[in-house]
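Below is one structure. I have some questions about it.
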Amino acid sequence: MIAYALKRLVLLGFILFGITLLTFGLMHMAPGDPAFTIAEGRYGTDLTPEQVEQVRAEEGFDDGWWVQYQKWVSHLLELDMGRSLVTYKSVTSEIAARIPYTFVLAFTASIITFATSIPLGIASAVRKGRRQDVAVRVLSLVAASMPNFWLGLLLIWVFAVVLGVLPSFGAGGVAHLILPAFTLGISMAAINTRLVRSAMIEVLSQEYIATARMKGLDDWTIISRHGLKNALLPVLTFAGLQLGFLLGGAVVVETVFSWPGIGKLLVDSIMVKDFSMIQGCVLVIGATFAIVNIGVDLAYAAIDPRIRWDVDA
Amino acid sequence: MERMKLDRKIVAIVAVAAVVVLITVAVLPGLLNSAEEDNELRIAISSDVNSWYLTAFPDGDARYVWAQVFETLIRLDTNLDMVPGLAESWYSPDNGLTWIFNLTQGVEFHDGSDFNASAVIFSYSDLLSAKQWGILSKINSTVALSDHTVQFNMKSAMALPYYLTHVAWPILSPNAANADGSWNGQVIGTGPFKLEEHVTDQEIRLVRNEGYWGEAPVLERVTFKVVKDATTRVMALKAGDVDMILKPSESDVDDLDDTDGIGVQTKLTTFTDFLQFNTKGDAHNLTTSPFQDLNVRKAVAYAIDTEALVEDLLYGYGEAARGRPYSPCMMFSDPGLPLYSADLDTSNWYMEQSGWEKEDDGYYYKNGTRFQATLMLSNEDAWGPRFNIMADAIQAMLGEAGMDIELVKVPTTTCNAKEASGDFSMIMRTGYFVWGAYPRHFLVHFQFNVYSHYANASYNALVTASDATNDLEVMEEKYLALQQAVIDGLPAFYLVHEYKIVAYRDWVKGYHMTAEDPWLNLNGVSVER
Amino acid sequence: MHDRKLKKRFLGSPTALVASGMLMVMAFMVMAAPLITSYDPLDVDLKDRLSLPGPEHLLGTDELGRDLFARVLYGGQNTLLIALTVAFMAFAIGTTMGLLSGYYGGVLDMTLMRFVDIMLAFPHIILALVIAGLMGPGLENLILALTLTHWPAYVRMARSGTLQVKEMTFVEAARSMRFSNLWIIRRHVLPNVSDSLMVMLAMDLANVIIIASALSFLGLGIQPPTPEWGSMLRAGVPYLTTSPLLTFVPGAFIFLTVVSINLLGDWLRDVLDPHSHEIEAVVA
């Protein structure tokens, strides 16, 4: 177990290193002279070449990339991700201000997901091959096939335009959360339902379930005592992947609903080519994703030492 | 048998979950709406406040917010005439070479400090934007004649008061500055509302300035919500999520007007949208703009039907400019100016004069090369939702005329960089050096201006002369000549005189629209739900 | 699986029949657009903007008076072109790399897999969004950004399949008989991993359509006036309150295409790869 944990942690360290390298590299592959972009933001369009050179010297763009990278990482370790090229605000504080919004949205969407997918998945598994099962499978497939930006717009049209009962943009009270959370939750629920279903089918085919049945326990008792727990274990393994799904979905959903989370910040920054902000967002999203994934691996290994999921390590 | 039981249980759970969700959806908004405060006005605007200090120009809709918090020496009334603001009266003893302002007494800043001559001197000091930008660089010095009298000494004669009406150059308290003149983070103006909180990209909350010197505002709070997308603003208004919206899309106006409980006001503004040509080509010879040729510029002017733009795209909410650079509500706008009318034959004639021949594919060619040009605009939509669709329509109109136009919709910063390097052939923009009714917009084509892509000596001379006098008759003569020069030389083709559009719920009482764009007058406005 | 058996099962499955029928109709409508509609998707008519569906315009007109039906058909050509190019390029690159990496192992394998780990450490769409954003909008850039972010998933799949096959006796035997490695890969390894890769490709195709149109929707895809489903949707949003069809129609085409592909992929998985884990197919 300890060896496995160490292996995972080394992998995490490596991935984090890779993420910083990739993020750093991406920004330096960006077209245009970064010194010019920064100088333009600082001094306006009426630039002199001296001003550009001054910025280049200050920011150290003349140094080799490895020196620049080290400098960048050492700032990073002090949680200093520089300043926005557009608003001059600290990237760290701007991202910190947005994270709670994404968290609330993702959390609510997850609740919606679990509240719908677990009962539906179980129902579908128990009635495998029957009409109910087919209905759930088709329904989940249909829901999973809906592009979330389109679903979001449809919900806006129904609830904000036609019925006028829900706000269609921004953050505010709970009312503002409903449409974006459902948009994000529905497609995730669709995928999750299928996961719960297949995990449940596997569990229900186990011998101990058959034994329990022979003992005369009714299905409900069997599922609540043995099945559910065992079925949810593999589902939880994919929590990491689901987080990826949530973060990716959040980018689109937050943009559609003007929800002020980190996803919208990323899209807005891309639109105005705010390189330092893009860098910050990508880094935070990538690091969160990697840490949670490894964390899930470790937690899973702790709970169920029989299984080591990772084929590569 | 047991299976049936389980099935029923699951059905029951799903049903209960569905009911809970439905109830939440139906009840929550009602609960939350009660949180609205009486006498709070919530206004949706399209861009955030980018600056609270004089070192940077407030972009886009930031000026509507500035207009509530800060005040200028001179204000404009609904008809764009100058009326006293923080200055009671002003005069020039020597025809524009020096200007003396008598300041309004008994005015306090939001921090309780006194508004006096030193605040004026601070606000127009060298460090701050108006002078940095070169617009007010003709101010040589500012002197306090008494605690409430300031004298501006100009380098040469100039009609200074018109400039001081601009909401972007208001009076700030010196207490907002550090010793070196940089901003210390405080927002201290004299306006009827003061800043309570600013949440980036979301909202700006203002509260009533209880010690306001003028007529006390009725509203207790004004909250500006940043909603970039015009349609979203419309939906927010319809859903009662905000009380007032600025700049809805022109295509939504009739629908809003027909909606019960929503009122719309529109008014011609001083802003005009225009297509600026790159008549100089590129400094680095990377690209060559086909618009160096006046005949080609004329062909464009005859190919674009600005009346169709207004009637068909903007549903009549705008006025076709047909090349006229000044909105009719501007000072000295020439009602007798000869304008362009769309006419593809004339357009074709001008193209042929310069050796462009139309081939079978419907495009112009010269020496085997197809006529190609770019039309660049900002993708940030800050000026108005109409820009996108207007660019699409112009691309189609010029395509119809035989010109292959590529649209380049890029971030404003990219736009600026491409403009600086000359990598464009046309830019679509609006306003520029437009404040109040005073027609300084011509500066944009002045050869030595950053935004200029035109070099014409006689035009330059006219611009210099028009700004070097305080004599209304001389000004009028110069400005009329400048308008003719724009029609003849086409540094830009002017498309549409903008209508300002404000829509609001009918519980907003007492709102009257003013003509100048950045001004949102909330004097006497109340919210009675 | 035998081709004839596959065919029999296909004909016996209503889902597969309906899905492939829908897909064929969709593909035909898109490819044969000039035969179906006489309208030019770029033809602007400012006098006839935002008109409702009627005998003249089947689905009405868009914000510039262009025929919406014609645009959605021609737009599909671009969307499908992007999706197919990306999916096949990612499939080809990823599979080749995965096979080689799994078969030869060693430093190559190690390096490649760590790179893949890093690439997969970002949610798919985010990396694609950033790369497309940095390169600027346009068809080629969109395809490049999507391909760059899509191939690593195939590497993992192909590699883990290869590792399993490699240990099998017939491969060992072939190796000991000094058959060339490439011959072994082609003859023994590929056929054994191809089924699950095919399923993944099918599922991924749907995924690529969604991600590509999401990027276009965010303004990073094909630029106007060229029609494309995602960018049409984006252009329709300002008219959501007055002309919702501009948003509904392109979205519905994306949805119907994706749902057909997913149904077909779902069926294909049941047939070809019944033991595969649900997640691999769904969250490709």
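The letters A, B and C name the chains in turn, as written, and every chain counts its residues from 1.
Going forward, a contact is a pair of C-beta atoms (placed from the backbone, for glycine too) under 8 Å apart; a residue touches a chain by one contact, two chains touch by 3 or more.
Bear in mind the structure is a predicted one, so any value in this text is a computation, not a measurement.
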(request) Could you name all chains that are in contact with chain A and with chain C at the same time? (result) B
(message) When I count C-beta pairs in contact, which pair ends up with more: A-B or B-C?
(response) A-B
(request) Express in whole angstrom the distance between the two chain centres, defined as the mean CA positions of chain A and chain C. (result) 21
(request) Report, in whole Å, the distance between the mean C-alpha point of chain A and the mean C-alpha point of chain B. (result) 38
(request) Go ahead and note the Å separation of the Cα centroids belonging to chain B and chain C. (result) 43
(request) Among the residues of chain C, pick out those that touch two or more other chains and give their numbers. (result) 136, 219, 237, 240-241
(request) Among the residues of chain A, pick out those that touch two or more other chains and give their numbers. (result) 156, 161, 271, 273
(request) Check each residue of chain B and list the ones that touch at least two other chains. (result) 229, 235, 238, 379
(message) Which residues of chain B touch chain C once you look at their complex with the stated criterion?
(response) 229-231, 234-235, 238, 249, 251-252, 255, 308, 312-313, 379, 385, 388-389, 392-393, 395-396, 400, 407, 409-410
(message) Which residues of chain B touch chain A once you look at their complex with the stated criterion?
(response) 2-3, 5-7, 9-11, 13-14, 17, 24-26, 28-29, 32-33, 35, 50, 200-202, 225, 227-229, 232, 235-236, 238-241, 379-380, 411-414, 416-417, 419-420, 450
(message) Considering only the defined contacts, which chain C positions touch chain A in the complex?
(response) 113-115, 117-118, 121-127, 129-131, 133-136, 156, 160, 163, 206, 210, 213-214, 217-220, 233, 237, 240-241, 244, 247-248, 251, 254-255, 258-259, 262-263, 266, 277-279, 282-283
(message) Show me the residue ranges of chain A that touch chain C in the complex, using the header's touch definition.
(response) 11, 14-15, 18-19, 21-22, 26-27, 29-31, 137, 141-142, 144-150, 153-154, 156-157, 161, 191, 194-195, 197-198, 238, 241, 244-245, 247-248, 251-252, 255, 266-267, 270-271, 273, 278, 282, 285-286, 289-290, 293, 311-312
(request) Name, in rising order, each residue of chain A that touches chain B in their complex. (result) 32, 36-37, 40-41, 45-47, 85-87, 89, 94, 97, 115-116, 119-120, 122-123, 126-127, 132, 156, 159-161, 164-175, 178, 218-220, 223, 258, 260, 268, 271-273
